[in-house]
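Here come two complexes built around subunit A, the first alongside subunit B, the second alongside subunit C.
Right, the complex of A and B next:
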């Protein structure tokens, strides 16, 4: 083919080489970037659909930046009361804040304003969703393991900042719904023990609602948090390039290499093209799916609220926790502590975040595995980890149900009180059940894998023995598939820690070591090790010499034809 | 190819068969297929350009009041043309990458993240030299005084933020005063007991919210108005007097079964207004705290801890409902100084 021939022509002799030499030389004389570019322009990126999830987050962030800049041209972050005169006739003459009025203007009087506003809001919802799913992918596959722990921490920080950023943006239109959200935040800030009132007055510039909070949130929303997000996204990507992307194990794909397409041109084109896909998808959503119709809610009024008030989806778990929390409040040394708000609103999200941040280090300590890992692990091959994540997801989902308890009650005709009780109990019970079920499923899948290696796969060919019995012929998997199924770590040998050293003196850190070894036993409990060399040897003999009738279905076996005759090429 | 690199391979039950053979695409082996793909992709880009032109035409030609199948015609046109064009461009570029660009997989070797031992030693040496030459460890006086100054630098940074807001104040008071009329929160008209039927709930505000001064200007407006409303909003309900079980000292707070409570939830401050006539329960739409209005606003369900504060009612000369005092209990969500403030309120009463 012509392209392959070109590759072997010295670059300076090709047309492109002659044209590009000048500009490249000019730039390199000043920036000296050829050294870096040499390493990175053709950098290899492995391919898998799950590696695209982070890209969705990245591109929705870019869409947020673009649409956000557009919105700032007209939005006015001011709580000054003005009288509305504009295209939305029902509100003519109504008093409202400049913030709300300018958002109405963007929605009704600026052509394309509504579309950009809706794209912005959808992109925000997608940004957080994509980050979360990306995080789950990284967690389920063990991609956070050494050397990527720091990038995991950066990722969780990005998620946290994304939530705050989303909430700040949600509050800016100053409509009835977002004002109600702010009122909740006011109550949440007040609930901080000892300093709650001070925090409230300093943040709101006085008593709720004050006239400072919208300008302050605006600054945070368009400057402070986006700057942090941008910086951390940059660091996230730099580390990704430095570590090289993880890859799934497979023939020729090992811990020591990375197999895939070069950045230039294939990966750059695919990733760049995907930006347009994400943006296009969001634009179509902005065209067809209404989101946050602020004119339907009206301007903020602290003495009004609509039934069915809900935050954006990513705040749903906090909302649920706040709803189902028992009404505890106590006075300690004359100071009131609102556990009913503080625990679900601050401590619980803090626990989720802390456990997430500590998990890679905790797992490393439990397993004692300090090696670098570049091959991803299938969730089934780490049953404890997978079950642990599913348990966390279950707790999150149960809280989510709590966040919609009023909607669920009215839509399904259930008792609101019963749903609340269910969530209160379910938050503690459901994760335990989910953990046990998930672990069993993982181990079952591991057994199925081992079965496929040791007994081959079912061909669909039925054999009849002379005495009338029927059996199905099994054939070995192709070598590549067999390799892929076994390309993961063997289970470590579990040994109890020495309680005393050689001289009979209690070993240092004896108790810690005991906890560690107990946890390690739990971690690997029930997990199935992959077959050994002997197992496979034995299986090969078994498969090829079954009852003295050699089965001639090898790598080449392609299934069974309609007449039941094995198709062998 | 990686056998010699991965030493653990020997213990593996299945040997790595190495990268599978490259599979050629139709476009690689058949130039006519490649041309066909090229035409397809080019058409995607052309249609995208047409859609973007359509966007511009729509911008100038479509009136903002026009609708299309229930959507705003403008919003529909802008979004569908822009979105369609972007999707076509994206899909086109990806198709180009997948079907026409070179698709041979490449193998790159990884390197451990760690630097070499020499590099690390050199860095440690440099740091050590730097620290030594600075005398950081040898001259503790200069070091500690610098650290002290650095620490002091934090003080202005914190002090400067002092004016973010005033110190907490006024959380225990609302604009209610003895003699202030209760008014309907939509019309601003005062309420007579005869206006209310048993079972009815009226959303109310203190009269000052609608009061105007001599020039016809509102007494409260803007932020002050919102702050006043966020604490002083009320609900007025009428129940059968025999259903009400007032606690001690509250027997005369109602007028013929008409009671008045704060509308602001004691949980996180949502205005409460879902009224269950039969049970006399008031439900907060935000977090479903439920209060029994026949029983002194007691919490019967949900995350709220304190009962809804009740406003003692009376009648003025013209027979309108008035407040007999400010709320004797603190309204709105709890805060650290709540217990102390409540004691002050009790002493005042």
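Right, the complex of A and C next:
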């Protein structure tokens, strides 16, 4: 070890260091950033692939900014009618809006325009998808717990803004598909009781479609929302640095430290490299896979529609909810309230968002856990939370089926009505089934963990007893693995809340406490507690040597090969 | 009396659909023989249809459907049906072109109906650039709601569907417009002129025959396929890349 420490030369003694010292000092005298940089360039981040999911979103956003700037050079946000004379022959001489014409020009007459447009669109689809996957990772591992609740809220706001930003961009080409999507959103806005029609006139500058909406969406798409996104991404990452990244439990990892690699050189290289991977992926997708062929749809005309009109995937759940909603409508004081649009189109996404925003606080209230958490929780060790998330994902996925019901019907030869009925029922039933199944799987995995701790791991060595029985030899788990498997908290003792205080008077907040206690019992219901130290000792002392119980195999044992022969023997 | 006059005037003035001029008596007789073997079990010996006990029909009447309808249904393989289904699917035709012509001649002989369109109106080379543009306008106004903007087809209630227009001949598309088979409405020559029909077909064919600008197109099915690609290729691929990067830490020993 002592030799390796001498192998590198401090940077200030290298040729480059000596030359750079002057300019660097000049900069530091004027900016004074050396202190901040020294601290943060060596900032330690833990290592795990799932910590890079948010990076996919970040790098997609960078690609969106780069490609978006290119597109603004040519795109004309105007609904003025012009005659098309470009090189796409089927539309030669067709009347269309400038917005649509300029998008056709980008696609057919600007060098590299179609490629950049497709990269931009794929990046948008990936941006939202990556945010969602990142959010699921954070949720499944409990990374939103104290002190990261505010960052969780910022993250959800980013997701919401991402949806709006994506939708605004999708509408800009003013083609038949995006116009239909805009009409859909117009319907959502108008479904709001009382203020709906006023809101429509306010947003569209008159009746749909008017000639204001494209310039307005353009402003939102290239200025307002990107600025908000940029600011919130900055806040999101500053908070990440301030809180330090969460880490998986393991030997040497505690709530008070972060074990990993420093920003420079390891993470700078990894994250920087990942940017190029993401950019490369998007470039390949943009080059090989067609997305949003606006020429196939034609210019927007409110009297036309095309079969297979769908929003981009991230609005698919709203589309599905609206498609399968029963036709409920009522007239109150002479004005129609379209529950059939308002409930699935406005209330349902509102519920998803509200539950998401409240979840960290709700969980904290249910469990009564007010401590800080920097160690992640394995999904199996929080069966209720994991099952709850999977239930939510199931409801969301069922709505996706509803949104693509026509495509599924034609491609799989199914009845549209049967799919719709399935979604109507499945939206309520499938999450319940998913919840129960997921919870059982989590508990099963907890049992498997407990088994490995108490009985060791399966070596693959099969032993035959003199009377002909077969058993697999188990070997004790290495201490490090044992630690990792048992690093989580013990389940809290559940007690009924006191109904009366010391004087026999009904306790204040008695009813709330009861609800809380009932929820807490549900939250921990069925979860398996980790084995105690006594359990482990008992297993070691009394069970060793028996069939299927851990036997010390010595340090040279390194598992068995595929044919069952110990690798080293 | 008034009825008689109106009727008489109508017969005199009404546009007379061309009834298979080229059909000979022999064709009609040959067609009738084919009909009795292959079609009569559902459509009845006189092609008047067979009614079920409940008042529905086992096979509809073919009197007055015209040669165009026969040429479409039999020529695209929809008839004879292989089994009962919400809708008769397109399949390999059972009858040869000659037999189809004979069947059409027989049905056309029963009562006048739309004839097989004139070759002049299915010759797409005659459509100019302006014609194609016009055809596109008509296609988007009348057809895309069911058939999709590139004619890829679409779903309808109860297992029915608007079929894809890919690989369908110009003649058959024109016949479908005149006769309105299955779920499709009739677009008679008075509503959409034969020239306009030709322009619509010319637009569809041009759009379907042009290269997939921008790459692999996912069948013209729109954002559902895009979403699938985003998740499977985009997220799937980048997660694999992330796992690969994560597995190559600074201190991972490589033996």
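We adopt the following convention: the second predicted complex is superposed on the first by the 518 of 569 C-alpha atoms of A that agree within 3 Å, B and C clash if a C-alpha of one lies under 4 Å from a C-alpha of the other, contacts with A are read in each partner's own complex, and residues count from 1 in each chain.
We take it that contacts are C-beta pairs under 8 Å (C-beta built on N, C-alpha and C of every residue); 3 or more make two chains touch, one makes a residue touch a chain.
Note that the structure is predicted; figures quoted are calculated from it, not measured.
Visitor: One more residue to check, A:94. First (subunit B), second (subunit C), both or neither?
Guide: Once the two structures are laid over each other on A, A:94 reaches subunit C alone.
Visitor: Look at the residues of subunit A and decide whether subunit B or subunit C touches more of them.
Guide: B
Visitor: Tell me the contact category for A:274 with respect to subunit B and subunit C: first, second, both or neither.
Guide: So A:274 meets both subunit B and subunit C here.
Visitor: May I ask you to decide whether A:36 touches subunit B, subunit C, both, or neither, giving the answer as first, second, both or neither?
Guide: It touches nothing on subunit B or subunit C.
Visitor: Touch check for A:303: first (subunit B), second (subunit C), both, or neither?
Guide: Both partners.
Visitor: A:416 contacts which: subunit B (first), subunit C (second), both, neither?
Guide: In the superposition, A:416 contacts both subunit B and subunit C.
Visitor: Let me test your reading of the model: by the given contact rule, A:295 touches which partner, first (subunit B), second (subunit C), both or neither?
Guide: second
Visitor: Identify the partner contact of A:323: answer first if only subunit B is touched, second if only subunit C is, both if each is, neither if none is.
Guide: So A:323 only meets subunit B here.
Visitor: If you stack the two complexes on chain A, which partner ends up touching A:188: first (subunit B), second (subunit C), both, or neither?
Guide: Once the two structures are laid over each other on A, A:188 reaches subunit B alone.
Visitor: Once the structures are superposed on A, label A:404 by its partner contacts, choosing first (subunit B), second (subunit C), both or neither.
Guide: A:404: touches subunit C, not subunit B.
Visitor: What is the shared patch of subunit A, the residues that subunit B and subunit C both contact?
Guide: In the superposed arrangement, which is not itself an observed complex, subunit A uses residues 108, 114, 118, 261, 266, 270, 273-274, 277-278, 281-282, 285, 287-288, 301, 303-309, 405-406, 416-417 for both subunit B and subunit C.
Visitor: Where on subunit C is subunit A touching in the complex?
Guide: Counting only subunit C, the residues touching subunit A are 86, 129-130, 132-133, 136-137, 140-141, 144-150, 152-159, 161-162, 203, 206-207, 210, 212-218, 220-224, 226-227, 229-231, 233-235, 237-239, 241-243, 245-247, 249-250.
Visitor: Give every residue of subunit A touching subunit C within the complex, in rising order.
Guide: So the residues of subunit A touching subunit C come out as 47-53, 55-56, 89-94, 107-108, 114, 118, 121-122, 125-126, 129-130, 133, 176-177, 261, 266, 270, 273-274, 277-278, 281-282, 285, 287-293, 295-298, 301, 303-313, 316, 403-407, 409-411, 413-418.
Visitor: Residue numbers of subunit B touching subunit A in their complex, please.
Guide: Touch residues, subunit B against subunit A: 1-2, 5-6, 11-20, 28, 59, 64, 71-72, 74-76, 78-80, 82-94, 96-98, 101-103, 105-110, 112-113, 161, 164-171, 185, 203, 205, 221-223, 225-227, 229-230, 233, 263-264, 267-271, 273-274, 285-289, 299, 301-306, 333-340.
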